[in-house]
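Chains: A, B, C, D, E, F, G and H, in written order; residue numbering restarts at 1 for each.
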Amino acid sequence: MSDPAADGPLPDSLAAIADLDLDRTARRGYPEAVYCESKTADQIRLIAAELSERGTRTIFTRLDPSKTEALLAVLPDAGHDEEAHLAWWPPDFPAPTGRKVLVACAGTSDLPVAREAWLTARLLGRGADLVVDVGVAGLHRILGRLDQLRGAGAIVVAAGMDGALPSVVAGLVACPVIALPTSVGYGAAFGGLAALLAMLNACSPGVAVVNIDNGYGAGYLAAQITAGGESSQKGRPQP
Amino acid sequence: MSDPAADGPLPDSLAAIADLDLDRTARRGYPEAVYCESKTADQIRLIAAELSERGTRTIFTRLDPSKTEALLAVLPDAGHDEEAHLAWWPPDFPAPTGRKVLVACAGTSDLPVAREAWLTARLLGRGADLVVDVGVAGLHRILGRLDQLRGAGAIVVAAGMDGALPSVVAGLVACPVIALPTSVGYGAAFGGLAALLAMLNACSPGVAVVNIDNGYGAGYLAAQITAGGESSQKGRPQP
Amino acid sequence: MSDPAADGPLPDSLAAIADLDLDRTARRGYPEAVYCESKTADQIRLIAAELSERGTRTIFTRLDPSKTEALLAVLPDAGHDEEAHLAWWPPDFPAPTGRKVLVACAGTSDLPVAREAWLTARLLGRGADLVVDVGVAGLHRILGRLDQLRGAGAIVVAAGMDGALPSVVAGLVACPVIALPTSVGYGAAFGGLAALLAMLNACSPGVAVVNIDNGYGAGYLAAQITAGGESSQKGRPQP
Amino acid sequence: MSDPAADGPLPDSLAAIADLDLDRTARRGYPEAVYCESKTADQIRLIAAELSERGTRTIFTRLDPSKTEALLAVLPDAGHDEEAHLAWWPPDFPAPTGRKVLVACAGTSDLPVAREAWLTARLLGRGADLVVDVGVAGLHRILGRLDQLRGAGAIVVAAGMDGALPSVVAGLVACPVIALPTSVGYGAAFGGLAALLAMLNACSPGVAVVNIDNGYGAGYLAAQITAGGESSQKGRPQP
Amino acid sequence: MSDPAADGPLPDSLAAIADLDLDRTARRGYPEAVYCESKTADQIRLIAAELSERGTRTIFTRLDPSKTEALLAVLPDAGHDEEAHLAWWPPDFPAPTGRKVLVACAGTSDLPVAREAWLTARLLGRGADLVVDVGVAGLHRILGRLDQLRGAGAIVVAAGMDGALPSVVAGLVACPVIALPTSVGYGAAFGGLAALLAMLNACSPGVAVVNIDNGYGAGYLAAQITAGGESSQKGRPQP
Amino acid sequence: MSDPAADGPLPDSLAAIADLDLDRTARRGYPEAVYCESKTADQIRLIAAELSERGTRTIFTRLDPSKTEALLAVLPDAGHDEEAHLAWWPPDFPAPTGRKVLVACAGTSDLPVAREAWLTARLLGRGADLVVDVGVAGLHRILGRLDQLRGAGAIVVAAGMDGALPSVVAGLVACPVIALPTSVGYGAAFGGLAALLAMLNACSPGVAVVNIDNGYGAGYLAAQITAGGESSQKGRPQP
Amino acid sequence: MSDPAADGPLPDSLAAIADLDLDRTARRGYPEAVYCESKTADQIRLIAAELSERGTRTIFTRLDPSKTEALLAVLPDAGHDEEAHLAWWPPDFPAPTGRKVLVACAGTSDLPVAREAWLTARLLGRGADLVVDVGVAGLHRILGRLDQLRGAGAIVVAAGMDGALPSVVAGLVACPVIALPTSVGYGAAFGGLAALLAMLNACSPGVAVVNIDNGYGAGYLAAQITAGGESSQKGRPQP
Amino acid sequence: MSDPAADGPLPDSLAAIADLDLDRTARRGYPEAVYCESKTADQIRLIAAELSERGTRTIFTRLDPSKTEALLAVLPDAGHDEEAHLAWWPPDFPAPTGRKVLVACAGTSDLPVAREAWLTARLLGRGADLVVDVGVAGLHRILGRLDQLRGAGAIVVAAGMDGALPSVVAGLVACPVIALPTSVGYGAAFGGLAALLAMLNACSPGVAVVNIDNGYGAGYLAAQITAGGESSQKGRPQP
């Protein structure tokens, strides 16, 4: 007999694939997040069914259209944004608290990742604005936004290619800048490596770098930084 | 005339593509393994037919669905696991000997590779457990498994992204930890390079690293380490 | 005639080597910083003399002993820390405001960089604590500091080798974690690349990465994040 | 006033630089290890003095001659091996238990790292042999050692350049092979990267890879694997 | 008007895409070669038509099935080998001269590239043998071929993964070994980089390395080395 | 309610995706350029409609066939070149001014990128010639073009593989050479990295390097260099 | 007998080490250049003596102090600039022709390389200005130089770290920008790789990249571009 | 007691450090070679004493001046070449047999490595010529040597920087070209990586690549290829 599960969990049950951290919302104020890039549509369905039953607020990242479809079959009222490859449930946005987040996007091609950051910050409870196509090739575009930049508590700057925009923005404001490299560019961009290295080497201090195309991480960090007062002080229970 | 095989083997015969090491089971106690990643369905059929005739115990790794189908056409009773891209023949598992193997899997996305390691250890004659979704982002999950961790003779830890779990586990146990990097992660994971480097640099001693996504290799090494007594002492005949 | 400076500035005057941003303190509340790594002792002397005359609060980073000596010849009362390769003038620390910063250091070898971050945060006006030798190889050391970790407004985590500590810490707290990779480790650490990649791939959200061995940048970012209320809102004048 | 230590530990006390894990020997049967590469002679002196007072069995790795001298000033009877950059205290070797370890060294240039592995295995309580200059360029040298290879419970194979020896050895034996890449070689060895990659890609299963030039890690892993029976089962206390 | 070709060649004529070196056969004794990887089926058709008209002996490399079909539509009697992605015209092989070439192939997965080398050497006028599945994991396989190895004037060794076979072979023979890395392997093979680096660092002298998966280049070099006497002395005309 | 656009621009309006720099032609004499690689067909349609309405001269780069079709649906009379993945509107070429540009292409496989450079230079107002298949493997081909090379004001040299042609050309002429690496080649070409590095290390001075496969950038630079007299002096308005 | 030179040139004669291209000045209008990085002081002396005798105008690059001393012993009136590691003979500068070159230097640490470019442009016959410390961290510094930027015929921009300045400058001017990456920066600058990649990916067109720290190459290219009229048309004689 | 050698060889005896292959000359016709880069002066002395006693013909590679001195103290009549870092004993050269080797050296800076290849070929029994400073920047220099190039049986081409010379030479001759990359060049040469990659991607077939700066390997390969008739047929004894 060829049953591989003789002494392990069955691969088609939830317990066999995930140990959901269902109390995170209660502890942190932030929803559970499910990274869907390497998960199958079946796995996503299993997880969504469980969350639906428990009523846990959840963000689903890196969804392609077929996985989105699988998710909506189980949670038909989930919010979703095709360009950002994001879904969330329940579908409403929390009322914004803390300081404002600004997401600045260097080029149109960086937009999917920038939207992921912008939606994440809002789903974590911040007010957030999104400005597009303000790359350094036309400096007047970012310089024309100085008031908006200086009104934010944290600024996410999404850029591919030379990754130069975060250095420029950080030199213009006093708040932290979250540099979000994207995989946009010609050959020697090497899938975002060029922008990533440029951002790590930003000549202006006050630049925090996240992973390539990781809009969720950038939005999360921005929400943390702008949480304000006591809310960001809440810890997790002892392990 | 255009016959390329005038002074070489014919490409559609077994001798032209492989020199199977059919006595390995007898010598080592471990089955023959066929790496199918770069082989064609036709080549896999040829090899399977030969093995079937000789009754050689064999593991087939890195099978995609169409290659699995080709294999099952020749060996219809072979065991197989779709998620682990693995098949084996004959379909039964040997009775477990030696110490127990534990396979710990950081995230759901690492599961295919973790299952490959878990099944391999069992096909090589070990008892093995599989625990999933115990990444360091929620440390209570791995700390809640201390007894299980300390009961194993070797622990395979599959992780992508930051590859941090093997360091943490190795600091908690006395047995060897086999670090199995996976290709899961955002851009700067660079196909598992980040996890691989982290594991090679584990700050806890006692960490053995294998290739990215090489679940078979991790399971094999775990089976060797836990073989116990004299069985692992058996050598191969003189070349 | 061989005067290279016929139509350019003389290389031995301040104007020929730097355009100091002397109003930064007034605008930002943060002192001027001079990166000394690639500057000559003569250039540092020129800059220090100018700053001394104007009374501009300044931090000097990446000083080796001979450059420190050159600096102290001009500013004999400057504060300095040999291990952190840092000096500052005037020598007093501002009274701390905002929330507290915690600097956690994985191993003794990471201490120079951790101290640079710790001193920088204090020189920028924060209260800051430093805890050492709390790497993940002995998890009880960091778990024994949970209260201290959860009391901070931002945590800098300095680590070389596997760079695993920031992931672990970020999973335990609600505030942002600033991951500071160091160049410490065996061959495949590749001068801090392994730790850097691990940190960029942290499986816990809420991790902000800075450049390898850039303690100044980490401390600066921590000070910004914990500045609190309105002080971090202050912008710079129009360019 | 410029005292950087106003709210942190003093940099010249032991507490400011290390949190020694003094009970490791009792818990694990293995001595404490101090990685000296990035530590100053002063730091090593501080640590040695503390250990001397408590009588903790300790291995010091990556010592250069001046640091060895600093160590011997505090612990004059420490054992030490200049070529392996290793010292240990107390100076005696434990009586060997478990199965035997074999350390095979491809070329004379790999000898310092191979000796570090060989001494470490012995300091952790194994019997260990060392064979030198058995690289694959003269295959008769390794083939002439088959009996010695097959008598070991684990084999450490140190090799630089093409890193081919572990693949060859693993194909000849049934026990696990620990591949130890060294930084020896011409330009495109890239400091051991070539050997490291070759070893991770060993075409024989049963190869465990450690970091470049990490003889200590290889010897430690070999000692764990060959510990035998119950001794390797001992866990650490709950964190 | 939008005619881009107003002052340049038309993109659908032969002159616009290639400047064929039609006299190469006469000058060198070796046929023209057309690298088809990045060429379109239309471009291949244009080139084949021209060659057919002139009767120039030609090898076509890196053909996929649809490009092979395009070629055969113009040159229906061309020789071709699907596995090696190779075609040639006219379809006969020259009578072999010079010393013999041996192509040794480490694993079945390396076979397409090994066949490309083997066919190329024969198309350039050498006698050539092909031996398969002689990787170092089972050393008896290559050691059983010593007479065949030592009878060759040059040996091409195709291997992926650890790239160890060329070092082993070069240590056993006196003739030059041409190391042909393939892109076969798990993640850290990095598309053949691991094998390539291992081969460049071969610890046996007498190893000549060619590009990854470049079977044509390896076969060409082998044919040159074994050309013998005066034939390899023939130069090209003055440029 | 799940409207992500509550406080941001709608993703299906032009303002939400791009801030077109519509005055560039007036200011610079050079047309607007739209990089289409990461844009959707819908985004391209939106942009094209706006440009059509305003009559702005525009180049569209990196168009695949389906995006070209989308563009032509809005701008049916646009010029386009399938091989160069380029389109432009209005469809006519400006009358050439300044000095002549020469585009030299090493191999047939480099032709798409070379054509992109050649068409770009012409669309920016230069006369330009294109010569193909003049790689260094047959040196007589480039040496036979010396007069044409020396008559140019700037030469773009497109080459993949070894990237050797720009060094050779720069040693033969007095004008600047723009080295355009392409992603053509076997495995160790690493997507154009080999050619890029070779060009950056050209042993002849006077070589300007652009990004891999960036034919637009090479053509633009060539047009700037050959603009002549006052036209290249025109600046942009103050930001 | 051990004379290695029995059938080769003597290593201590000029003919044994160099084949000087003494007619370059006559042909090109540009002086001979000697790259001294890997040459010995003895070799530099031999070359200088020959040039002195023939009166050939020459630039010596990458001189360290001891090599400068060796040069001045033979050519005591040579011009030299310690910071730029440059010397030239005869010591006067040619009268400037063509358009003006501007060299902009991001930080003080980039100054040695920027000076090398600035002096080279002047030694090749251009008027050239040098502006320092205009990095993007303080954007007002470069924006305050718009008139100077727009008055140049070519601009060399030297920058390390994020390499962002060339993108910003190219967006502000109409002339070509020569991006000169320097090796200045923290760990992840990787010796200038970060700046190099950023510059190759500049989001503004019109950026020509040269090798890391290659001030000579940048100055040469700037001089070529600004040569004007017919002078840059002069070719070299037939090879 | 602290004797590390209790169960291993003593580190100061020859047996503890090397297993010399003293019969190689007899078997192969080629001398023993000792790679001295990572060996100590003491180890070299031990080896030299043994060889002197047995009269084994030997080449010592990668000697620095102090190691050369150590060698000459034992073998005072050894031949040696300071620039090539090479020594040999006995000091005479064998009478040349086989076809001629030509070593072409692109620049003066590549000379040490080129000399190592040239001397090695001669010490292995070939006639060999050395031509210097024939890089592609001045193509007339290599084109002026066509007769010499075409008279050789194998050509070693040493080049750093762009590594372009082997492609050019291979396009001009019919014999194999051995491409020898050197570590000469500006930053993005990355220690010879640029030249190595260029050579592996040579667009002319017939190029055999060896490791960076491995002059010994290049000379050895050249000697093998040109050995002629039966001498290269001699095999080694069975392992």
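Here, a residue touches a chain if its C-beta (ideal position, glycine included) is under 8 Å from a C-beta of that chain, and two chains touch if they have at least 3 such contacts.
These figures come from a predicted structure and were not determined experimentally.
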item: Shared chain contacts [chain C and chain F, defined touch]; value: A, G
item: Length of the shortest touching-chain route, chain A through to chain F; value: 1
item: Identity of the chain that, by mean CA position, is farthest from chain G; value: B
item: Interface residue overlap between copies chain F and chain H, same or different (over half shared); value: same
item: Identity of the chain that, by mean CA position, is farthest from chain H; value: A
item: CA centroid of chain G to CA centroid of chain H, Å; value: 34
item: Mean-CA-position distance for chain C and chain B (Å); value: 45
item: Chain centre separation (chain D, chain G; CA means) in Å; value: 48
item: Residue list for chain G, restricted to those that touch at least two other chains; value: 107, 138-139, 143, 171-172, 185-186, 188-189, 193, 196, 200-201, 211-212, 217, 239
item: All pairs of touching chains, each written as two labels joined by a dash; value: A-B, A-C, A-F, A-G, B-C, B-D, B-E, C-D, C-G, D-E, D-H, E-F, E-H, F-G, F-H, G-H
item: Residue numbers on chain E that touch chain H, as the complex places them; value: 28, 33, 143, 146, 149-150, 153, 171-176, 178, 196, 200-201, 205-211, 216-217, 220-221, 224-225, 232-236, 238-239
item: Of chain B, residues touching chain E in the complex; value: 1-2, 4, 6-9, 11, 16-21, 35, 37-39, 43, 181, 183, 191-193, 196, 211-214, 217, 239
item: Complex interface listing, chain F residues touching chain E; value: 77-81, 83-84, 88, 91-93, 107-109, 111, 115, 118-119, 122, 127-130, 132-134, 138-141, 143, 184-189
item: Touch list for chain B against partner chain C, complex; value: 106-107, 135-139, 143, 160-164, 167-168, 170-172, 185-186, 188-190, 193-195, 197-204
